[in-house]
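Below are structures written as structure tokens.
After this come two complexes, each holding subunit A, first together with subunit B and then together with subunit C.
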Partner chain A sequence: MSLRIKTRFGILRIERRLSYTRMFSAAMSILSIALAFAVVGIILVIMGLDPIRAFSLIFGVYVKPPLLLESIKQSIPICLSALGLGIAFKMNFWNIGAEGQLYMGMIASTGIVLLHEYYGFFQGWMLLPLMLASSFILGGAWCLITGFLKAKLSVNEILPTLMLNYVAILVVDFLVHGPWRDPKGYGFPLSIEFPSYAKLTLIYGSSAYTGLLLSIAAAAAVFVLMEYTRPGFEIKVVGQSVNVARYAGISVSGVIMLGSFLSGGLAGVGGLSIVSGIIGRLRPGASPGYGYTAIIVASLAGLNPWLIVVTSIFFGGLLTAGGALQMNMGIPGSATQMIEAIIFLLILVGEFLKRYRLILERGVRD
Partner chain B sequence: MIEWIESVLRLTIQVGTIYLLASLGEIYAERSGILNLGLEGIMIMGAALSFIFTLAYGHLAAILISIIVGVLMSLILAVMSVHMRLNQVVTGLALTMLGLGLSGFIASPEIRRGILLTLNPSLPENLLTTQEAPKLPEAPIPLLSEIPILGGSFFNQNVLVYVSYVAAPLMWFILFKTRFGLSLRSVGENPAAADALGVNVYLVRYLATMISGGFAGLAGAYLFLGFQPFWQEGLTAGKGFIALSLVILSTWNPLRAILGAYLFGGVETLQYRLQLFGLGAQSPYILAMLPYLVAIITLVLISYENIRKRIGVPASLGIPYSREE
Partner chain C sequence: MGLEKLVELRGIVKRFPGVIANDHVDFELRCGEVHALLGENGAGKTTLMNILYGLYQPDEGEIYIKGNRVRLRSPSDAIKLGIGMVHQNFKLVESHTVLENVILGLKEPGIRIDFEKHARKIGLLAERYGWRIDPEVKVWQLSAGEKQQVELLKILYRGADILILDEPTSVLTPQETKTLFEALRKMAAEGRGIIFITHKLGEVMEVSDRVTVMRRGRVVVTKKTSEVTKSELANYMIGRPVIFSLEKVEAKPGKVLMRLIDLEALSDKGAPALNKVSLEVRSGEILGIAGISGNGQVELAEVIVGLRKALRGKVIIDGLDVTNRSSKELIELGVAYIPPESVRWGVLPELRIVDNLFLKAYRYPPYSSNLILNWRRMFEKARKLIEEFDVITPSIFSKARSLSGGNIQRLVLARELSGLIGGAPRLIIAAYPTKGLDIGAAEFVHKLLLKHKSMGSGILFISEDLEELLMLSDRIAVMSGGRIVGILSREEASVEKLGLMMSEALPQAW
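Right, the complex of A and B next:
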């Protein structure tokens, strides 16, 4: 029996779709985004702003090379976090803490740079590899806190991962207002600027190219992990059913801890891409919510690593467009966040329409 | 000394009321099986709307509109999680993001000016640009407010604090002593059985979710008008999520939520007081972590407790119901 809703026009029936093609799924996602822009357009009209001009600014971002490069730069932390979330979500581990894990990655990267600059540790060429490793470890450890609580004490992961975001942001605030403040920075809460060999500008002087390579490499690694290795398989089994996993002799708590560590680690590397790819130093509020945007990206891409790379660039473009909207039309920066949220909500409605169909039975009454 | 105790207690209640109001409604939603993770977003919308509508029409209109918009926002969540059976975690997060984005948008100086002029064209220029709104006045209760220590702290507050005193026992009574409360709890425990007994599962879940939205809107209005009446983007700073952990700490019981709310109120008050003493003058940021860390610790303790006693969690929390399955 399916769900029926009585309306004046007859009975509205919601029926499960037995199957749908990949084309249909893609069409639905694109339709959701188009609808979201329609909704945003209506809001802009109500607020007395010109929607055509706003949209041409937004879509202009993807065709103008310098803005496209900026969008790719902005997409790196989103992409790396979303790849991590993909692992966690496949495990049915609701990691909402990518934002905090990004900040921990930034702290680790900055820590390595400061050790080098203040105390003369390491040689210049060692910096980037060390930053990569340490940001992965610290980001992973931050997520592992919750992974441990879930695995060993069965604490639900949603709220702890969220809370740790706020804590991580405060740790960065503490560091840049205190011990890590640039002594020559006129008292501003900023770390020193990274030396050029600690920045992701190895190719053509823009961090977009190196960053994109990093994203693609990470996507490939996640793809191989999930499709061709034993831990990846175990992560998926735990996500499908904890009981089946136990029955198959999989150590569920071990898998949860490994999966959460990898998930946080990827976001941690995303933190590295912020400080050494986008800003070049550590400062408060370094992430405008990349970790939350990553949740939208992971859902829209259906947790597929390759689609995550592409979808991130779309959202990186939205962030870039936010700046243009503010400068040219005086639309506040929070508009980007609003657009993202509306896209997110409509994507979810699209998910529903993919799985179910609505049938209106005219003239039937019961 | 007495004055010091009184002021600490008073601030504890003022902060605790934010959490109490938000968690009272959420208890209903979760008892019916719906996790409303949109609490944070609804609260900040309530705060932003209180800001704008207080300037345009005054306190009462602001509080009412916050509640109404809270109910409407939670209706989105209800449709998506009850009828569309979508994942409640993701849906709630989407709602929170919407609240954070939309509140920042409507309360930003550029957009707010236009909204205020549409609502009330005769507003003077200084009200169009201010970041503040008049705070809710204190309304000492005659006689009761004369009691030493307790009077000054409990009964010399604003109206919304008194609303929370009445609402908590009332919500407890409805939940545990009325037919509606029984239906609501049964829907959260075993919707199929409730359905078989003639309870309209969908209707109850819609109502419970809307109640949670209304209270979250009210909590946002109180946060702004009764506690911190100057606008800042992201002003709730995770308070909605702390309220969510408080719901778990209270084991879904409105009366226990009072204790939990004042516990978190106390933690935050402690944070402000320690700052005054010069403790952490260099690092207010470390002290500011306290509420979040306490929330995590309570979640750990309560989950341990829950395993031991097997009490608490509504059995169908987060699981969509459909007759066909």
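Right, the complex of A and C next:
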């Protein structure tokens, strides 16, 4: 069956492709990315900038070691959140609250550091493991609020997850303006800087290495969870059909709560990677929207955990490139977000064209 | 009877990836005839008719309507040429009146619609075919048979003279079927041509003038109905002789396996769906449930298997009160459930066949231990099962949506009846297990149910097909308006008796 649109050139038919090959799919994806850069190039020309120089800066990010490390660093929170979203999306749970869950993870991590620094709780080596656990739990709990509402009261998850983002961001604002403000920070809304043993700089002094390990370990964990465990199977079944899941004797509300907790928990760890990997302290606006970029990453990677790792690095690179463009060519930082959006849009178009074909029937009488 | 050809299809070819749905099909429809198009599911009947109705474009071949070669690009092209189609699923706006539905989409100049004129004309049209339909009634208030009459009115009102009916009797009671057939004969007598898609042989013999049999995308034969017998047709249809009466397995009913006491439950819409239902199923017995769909049968099945809350009453299985226990507990008690419309409720089309086979058993040993799934065991078992149950698929890793309806049902049967969870099921709840299946697949289901009966399972068998019920059941309970209006033994029951009980009980129940 097909959809028809009358145009002045004839009738445009949109027909579902019954099947397509992997090659075709890959070619389409590459074509859409290439097209995205072409569009960006045109915009740069209109802005009176040299697109070749801009692109060499962008691609340089993935080649020059210090910039590559920075890109990987930027990719960690994106990757961890996207892995969590992958679980939620497989469950047909449209969690768009990774941003807020990141902030809750930051709060948990910072809280542990402050307990140590102010009150002398815990020994230094215990900090990172505790931060890991607490950021997972708090991020997970933040998402579980919505998961609970959905499981028990059938509340749609989209609005609560989104709105809880603002709550989490404002809680961080409150903390760093108030009780958690660095007493020696000249009144700036910042927490104290984390001690080195609370930072992700265990390997070669850059958090990129430890962070990447964290990403890969998380991807492996998600992969095993989804492919080889009972809860993973149940998450997939619930995501395909709640009715069939009930028929199979699966406790749908239990699965939704577990899945939402895991999803938020991973984003929470992403929060840890921001405060102890990128910034080294808590401050307002600590995430420039990693949680939203993660939505793009998770869907572009087709929810595949390994592809999520790679795709996050690509987007982490775009963020880094944004900084480089700003410094070297005076392109505003928001231009990076524009590039990100254009790529995403064109890939969506590409995905559409993978599934449907357009046929123009010329000179058809009607 | 005129000999003028209304429709002629020549050498129609339609390919879908991997299959030829229509392979050089020739077909003709004459004025004044009811032409049955007979074939199993997947034989290409519906594809052919969708081509004639403009929904698909043929890859090769020519279409002639009333002698002119045409290209049908969409249903609106077909409608202009006087072709009308009644689909299996009605395409009516439920919250609108009959009148509004019939005139919807009529192309008439001006902005004012003369409702009264239309209502009068529709009333007259309905009367001509002996239908009692009030044009002002909202469609949702009508029975399935009446809705079908509205679909036909819609087509006739547009002046169509080529009518396509896709499995029109699948939703009707025997009485409604009779009314439909009378109307079809009358429409044909008035010079229209009617194409009647079906896989039921009895209907072909009863209503058609000619019959075209399709198998695997090709036309096997076109003959005058008076010149063929039922068994010849079945032969053409599946390419081998079929046995029409199953070997009856003598009932050796054992102890009472399931007892329902005064069950009451609500439908999805919150209306009472079950009204004091009391039944007993013994082991080694098939209890048939007859009734027009939507009279509480599905709700009954769901209450038993733990998918719907019982408001009052009790479900007792093996002496154990299991009322409102979870479906998981019932699965563990050995209750198998073949849900209605397996395609929608019984499988996950986007998951692999092996996932679907282990939809329930994945959580029990040996297929998982603690929280870890043992895929190797599942793969091994899945390969055996698709062979044993004859599921035709390239691999256990194919997605379930690639399977045909009959194969999906085999997959569901393999999951439910092969004893993946603690041995063969003790109680089998089968809701419309053969609906929409072709003869071959339905036969498979019947044999399997009888096999489990002889192994001592108790079976609750819900169906709309009275012949099937009479063939399989040891006792038949008739449901109407959420009540059991009577239970007959196989000896007492007949199609006429059951049909009467099904429809007569209706008015007082609602």
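As a convention for this text, the second predicted complex is superposed on the first by the 356 of 366 C-alpha atoms of A that agree within 3 Å, B and C clash if a C-alpha of one lies under 4 Å from a C-alpha of the other, contacts with A are read in each partner's own complex, and residues count from 1 in each chain.
The working rule: contacts are C-beta pairs under 8 Å (C-beta built on N, C-alpha and C of every residue); 3 or more make two chains touch, one makes a residue touch a chain.
None of these values were measured; they are calculated from a predicted model.
K.L.:
Looking at subunit A, which partner touches more of its residues: subunit C or subunit B?
P.N.:
Partner with more touched residues of subunit A: B.
K.L.:
Just to be sure I read the superposition right, which of the two partners does A:Y292 touch: subunit B = first, subunit C = second, or both, or neither?
P.N.:
first
K.L.:
For A:A248 in the superposed arrangement: first (subunit B), second (subunit C), both or neither?
P.N.:
A:A248 sits against subunit C, while subunit B stays out of touch.
K.L.:
Between subunit B (first) and subunit C (second), which, if any, makes contact with A:H177: first, second, both or neither?
P.N.:
first
K.L.:
Under the stated touch criterion, which partner chain does A:T7 make contact with: subunit B (first), subunit C (second), both, or neither?
P.N.:
In the superposition, A:T7 contacts neither subunit B nor subunit C.
K.L.:
With the two structures laid over each other on chain A, which partner does A:L153 touch: subunit B (first), subunit C (second), both, or neither?
P.N.:
So A:L153 only meets subunit B here.
K.L.:
Classify the contacts of A:P231 with the two partner chains as first (subunit B alone), second (subunit C alone), both, or neither.
P.N.:
Once the two structures are laid over each other on A, A:P231 reaches subunit C alone.
K.L.:
For A:Q123, is the partner it touches subunit B (first), subunit C (second), both, or none of the two (neither)?
P.N.:
Neither partner.
K.L.:
Just to be sure I follow: which residues of subunit A are touched by subunit B in one complex and then by subunit C in the other one?
P.N.:
1.
K.L.:
List the residues on subunit B that touch subunit A in their complex, please.
P.N.:
37, 76, 80, 83-86, 89-91, 93-95, 97-98, 100-105, 108-111, 114, 233, 237-238, 241-242, 244-245, 248, 282-283, 285-286, 288-289, 292-293, 295-296, 299-300, 303-304, 307, 322-324
K.L.:
In their complex, what parts of subunit C are in touch with subunit A?
P.N.:
The contact residues of subunit C facing subunit A are 16-17, 55, 73-74, 305-307, 326-331, 337, 339, 345-348, 350-351, 355, 359-360, 362-363, 368, 371-373, 375.
K.L.:
Any idea which subunit A residues touch subunit B in the complex?
P.N.:
By the definition above, subunit A touches subunit B via 1-3, 5, 14, 16, 47-48, 94, 96, 149, 153-156, 158-160, 162-167, 170-171, 173-174, 177-178, 292, 295-296, 299, 330-342, 344-345, 348-349, 351-352, 356.
K.L.:
How about subunit A: which of its residues touch subunit C in the complex?
P.N.:
1, 4, 11, 18-19, 228-231, 233, 236-237, 240-241, 243-244, 246-251, 364
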